[in-house]
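Listed below are the structures to be examined.
In the two complexes below, chain A is the common chain; its partner is chain B in one and chain C in the other.
After this line comes the complex of A and B, so read on.
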């Protein structure tokens, strides 16, 4: 049997992931099995992501209205139309604000939570499980819960503020404040996931290092910024990249609470594309906006990886 | 002694109380509202817990609306998504991170990269693709899309669990005459139980809460899932908050119950997978 050879090579590759030592030394049966195992995910991703993406590029070069209706090739006309649409630019800008404010709010909440989860005591121990609850609640339920809490006639939060003499108005319908409200609701839904991951990462920081820093007279903040934080960087980098993209992607929370309103105040890029396709029935413009957004995100992603990537990140 | 970092000058106890109220408060408030009578829900001075405990909201929900049907549909879609995600991501993780087929680094990279493309940007062409394959308005279509958005993350999450099973075990199994398939099924997989549990919970919760795709790719009333049903209920019965609350509680209850039982393992698994 030659199987041991393949596993030995697998082990050496484990320690240095990029080395191609396995090539040529893997047995045929293992290789066949390997490709059979990998095939389903590749096929699914090709069907659900890659093929539609190509399709989007083709549609964006046409003048299609209702999805699937016959259309003519118009070259870059649709792109010019989208680029000349003020709504596209304001949606892109709003997505930027959405991304950054969500990131700030969630990072602060998640870090504070992670530090609390790290302590000993019954609260921290039990919280490590129930803290994830907001993430488990379906987005539709999240939307209903907060609409109920903030309802301007019967909402408990509204009443609490009224009791101390503050009228919070209608948080889901009050112009510029609406975006902040939806960001806070979205952060409530998502911060627990980051909190748990950061808590896990904190637990991997060897406490000898922290003790040593304390011995050297560093206070809690100093220790955090110069010892803990750098050690957390790889996890924070991955979380920042994936978290930003998940956050950018959010459509349900916005759509279910405000439908992008009032007067477009919460229309981020996904909402803009959704409305363009399914309310205005301009498939080609929606597709062009999608392609442009993917390009913007790709550039942002590359810049993020280039400047935020920790030195030893594999 | 565990090293603990102090939260500046803010006493930890206050932070804990605030956090508890922020996280549990809203959920508690909705659950307690669901058991209140219509008058009690709307009365000027709110009551902290139901004065006249009633199940009438739930009765109305299951008698006069299609909630039971939506519940069934959601269970079907979520269970199918979970099973397919498990099979696809375990297979992929094993092939990419254990057998390391030639080119696995590139394949893993491409899969993760395509996962990074926001799904909401692809709704329009995805609709067309599904329509072309006759998958619009079917469970299969929705499950397929759900899997595409759970499997890459789950595959990546399983990476850490695969690494934690020592390679010596494979060698030992091979010496005992086990082929690669038997080694995978009988030796490595059983040792990855925590990873399997984590992936199962993640994909179940994802598909249970998924709204955007379900709202566009399912057309028939008889196939709609809970999130769609609930959002329709909100639009239809805006005044009847009791009914809406009962619907909300029934939608979130299954995932919360799931969490009561496996939450600890899920959180542990997520941490293990993400930090390895």
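After this line comes the complex of A and C, so read on.
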């Protein structure tokens, strides 16, 4: 038996706490107090966010070589120079490959790990702690570890494959293979974060819904695909958006392992920008490439939100 | 309400004060009597040795005491640019020649002719050490220590392969490398990663191939010639005889390979001496050394040579004098040995007196490998450095060396399959673009 709508509405209204007289009025001094209290943090945020951005745009309109050296205003000339540079487009394309392959590899690894963590065995329980180890290892250590593991003289992975007659070649020095190697190293470093987030999201899926699906005869795959996965979509959407941006901007892993080589095979956009600024000493060109990258990322972000956003995502 | 407003204003004021404190600078009387020194030798042993010397100097009660601030090569370019902009540059900056051109481009640096003349008169500075800092008749850094490359080899592996003497020509080098390649051992390990190590080893072969000068008389890039092609072609063959992941090698990997016996030869500076016995487990006699092999046709003895110097950046006359006194104190034979012993074998004396200084000569590493040390000193006399050959001073050399264009050209051969001739033409264009306005 349900209560009439009018009764429910009345109850809802009545259940709201009554506002005491005077709470709705805001005095001028209270407003001022509010502004004063938030002013420092607003000033700090404006400084740390707006200043570098504005500075990058200004630099990109100049012809500055070494950072901080005198420069002339040249309008859009620097942008035209960067857009006419084949290396810029190669780096952008490579960043696209980097982003997509990283996303695929990390998603598969993270999902598989999260599903394993959900199990009730002792292994799964202990893994909930140590699985994050690759993520907490500093990037410089990750780079050194993998260079050691894959070194042809003393690398244990190299030796293991050699022992069964497989020559893995030179994973960090062999053109296209190097990009794949660095992507795998980066994915190994970052997938635990996604795994933990997905594992957390899996824990929020109501047990009753899963049970109901099983009772309706759905097998494990059907239950996952039709029940669990849709319920995880908001989390996956947010993770995909933030993770993609993080992944795109990775510089340290690449620079520490290959410096963008061999022969530019791992020169993604962040490496291109870094090299332009700090190896070629062309600050304005680096700034212009940065601004163009921000625009590309903004467009990609808007498209991602437009097409990948779950219907009920606020 | 008034008390709340007052509290808020106080909070805002405190925050503002805090922020201003973060950005402010402290300039007390102590700072006025200090000479700030930046160096980039950031391995623990070198840091400790330099600090010990500074402490010893400060104990002599000089007018200006030396305060060391250790920097990193990866960050010093931006840090010194920022320091130049804010007028807070160090008073002394350790530099190598191409970095010195960069620093001078920022409007920093003072001529040090008087100090150099004094050292030359008292202790005999070697020419190769001052040449890369000499521009327009002025010297822009006081040479402090040199570094030169040699061919290092495993004498035990040579003996096992029936090779009696170290190779002295390119053809002998290739023949020996092929002969020594057996099983998991490679004949040689040369780096071909995108890094300065590759630049340096390739350049040593350019020197011994007669292609040391990369510029024409009017300062234009001029590497597209037969001699450079010859050196590139040799390097391509050497990479093929190196471990298969040499494409990612820098400084440490060839050394590790040599010490482990995974390779029989390597080309590098004197840092190979000190750790050889402990890392290889072999007697010191198993580490052989020889000058870099020369081209069979028209080659000349030599190697890349880095003269590390101290630039004086202070704009204050009194501090300039104080900085000069410290640098002269370091080069005084009484203290110079301790300075060189910061990295025995790698840091070579730049003065004639320094080469005989007993404190340095008695160092266990130097005395154990006396023959190799003497060979390095001899090699120093014919050392060259790109951008500073035959009295040249190419002020834009930093823009070429910073991008590792020589190393990138090697990768064009080893990864993209370019011929030596194509790679040289590629490098010529990249260098021209690098220094174009």
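The definition used in the following text is that the second predicted complex is superposed on the first by the 269 of 314 C-alpha atoms of A that agree within 3 Å, B and C clash if a C-alpha of one lies under 4 Å from a C-alpha of the other, contacts with A are read in each partner's own complex, and residues count from 1 in each chain.
Going forward, contacts are C-beta pairs under 8 Å (C-beta built on N, C-alpha and C of every residue); 3 or more make two chains touch, one makes a residue touch a chain.
These numbers come from a predicted model, not from an experiment.
Within the superposed three-chain model, A:170 lies in touch with chain C and out of touch with chain B [touch as defined at top]. In the superposition on chain A, A:228 makes contact with chain B only, while chain C stays out of contact range. Using the contact criterion defined above for the overlaid structures, shared-chain residue A:254 touches neither chain B nor chain C, since it reaches no partner. In the overlay built on the shared chain, the residue A:236 is in contact with neither chain B nor chain C. In the overlay built on the shared chain, the residue A:148 is in contact with chain B alone; chain C does not reach it.
Looking at the shared chain after the overlay, A:40 reaches both chain B and chain C. Once the two complexes are overlaid on the shared chain, A:265 sits against chain C while remaining clear of chain B.
When chain A is checked against chain B and against chain C, the one touching more of its residues turns out to be B.
Once the two complexes are overlaid on the shared chain, A:66 sits against chain C while remaining clear of chain B.
In the superposition on chain A, contact is made by A:280 with chain C only, not with chain B.
The intersection of chain A residues touching chain B with those touching chain C, taken from the two complexes, comprises 27, 29-30, 33, 36-37, 40, 44, 67-68, 147, 154, 278. Across the complex, chain A is touched by residues 1, 4-5, 8-9, 11-12, 15-16, 19, 77-78, 81-82, 84-85, 102, 105-106, 192-195, 243-248, 253, 256-257, 260, 262, 398-399, 402-404, 408, 411-412, 414-416, 434 of chain C. Chain contact summary for the complex, chain B toward chain A: residues 2-8, 12, 15-16, 19-20, 22-24, 26-27, 29-30, 33, 41-42, 46, 87-89, 91-92, 94-96, 98-102, 104-105, 107, 110-111, 114-129, 131, 133, 144-145, 147-149, 151-152, 155, 163, 167, 170-171, 174-175, 177, 179-181, 183-184, 205, 208-209, 211-212, 216, 226-227, 230-231, 234, 241, 244-245, 247-248, 251-252, 255-256, 258-259, 263-264, 266-267, 270-272, 274-275.
Residues of chain A touching chain C in their complex: 27, 29-30, 32-33, 36-37, 39-40, 44, 66-69, 147, 150-154, 169-175, 257-265, 275, 278-281.
Put simply, chain A touches chain B in their complex at residues 1, 3-4, 6-11, 13-14, 17-18, 20, 22-23, 26-27, 29-31, 33-38, 40-42, 44-45, 47-53, 55-56, 59, 67-68, 112-113, 115-116, 118-120, 123, 127-141, 143-149, 154, 156, 159, 188, 192-193, 196-197, 199-205, 207, 210-211, 220-221, 223-224, 228, 235, 238-239, 241-242, 245, 248-252, 255-256, 269-270, 273-274, 277-278, 283, 286-287, 290, 293-294, 297, 301.
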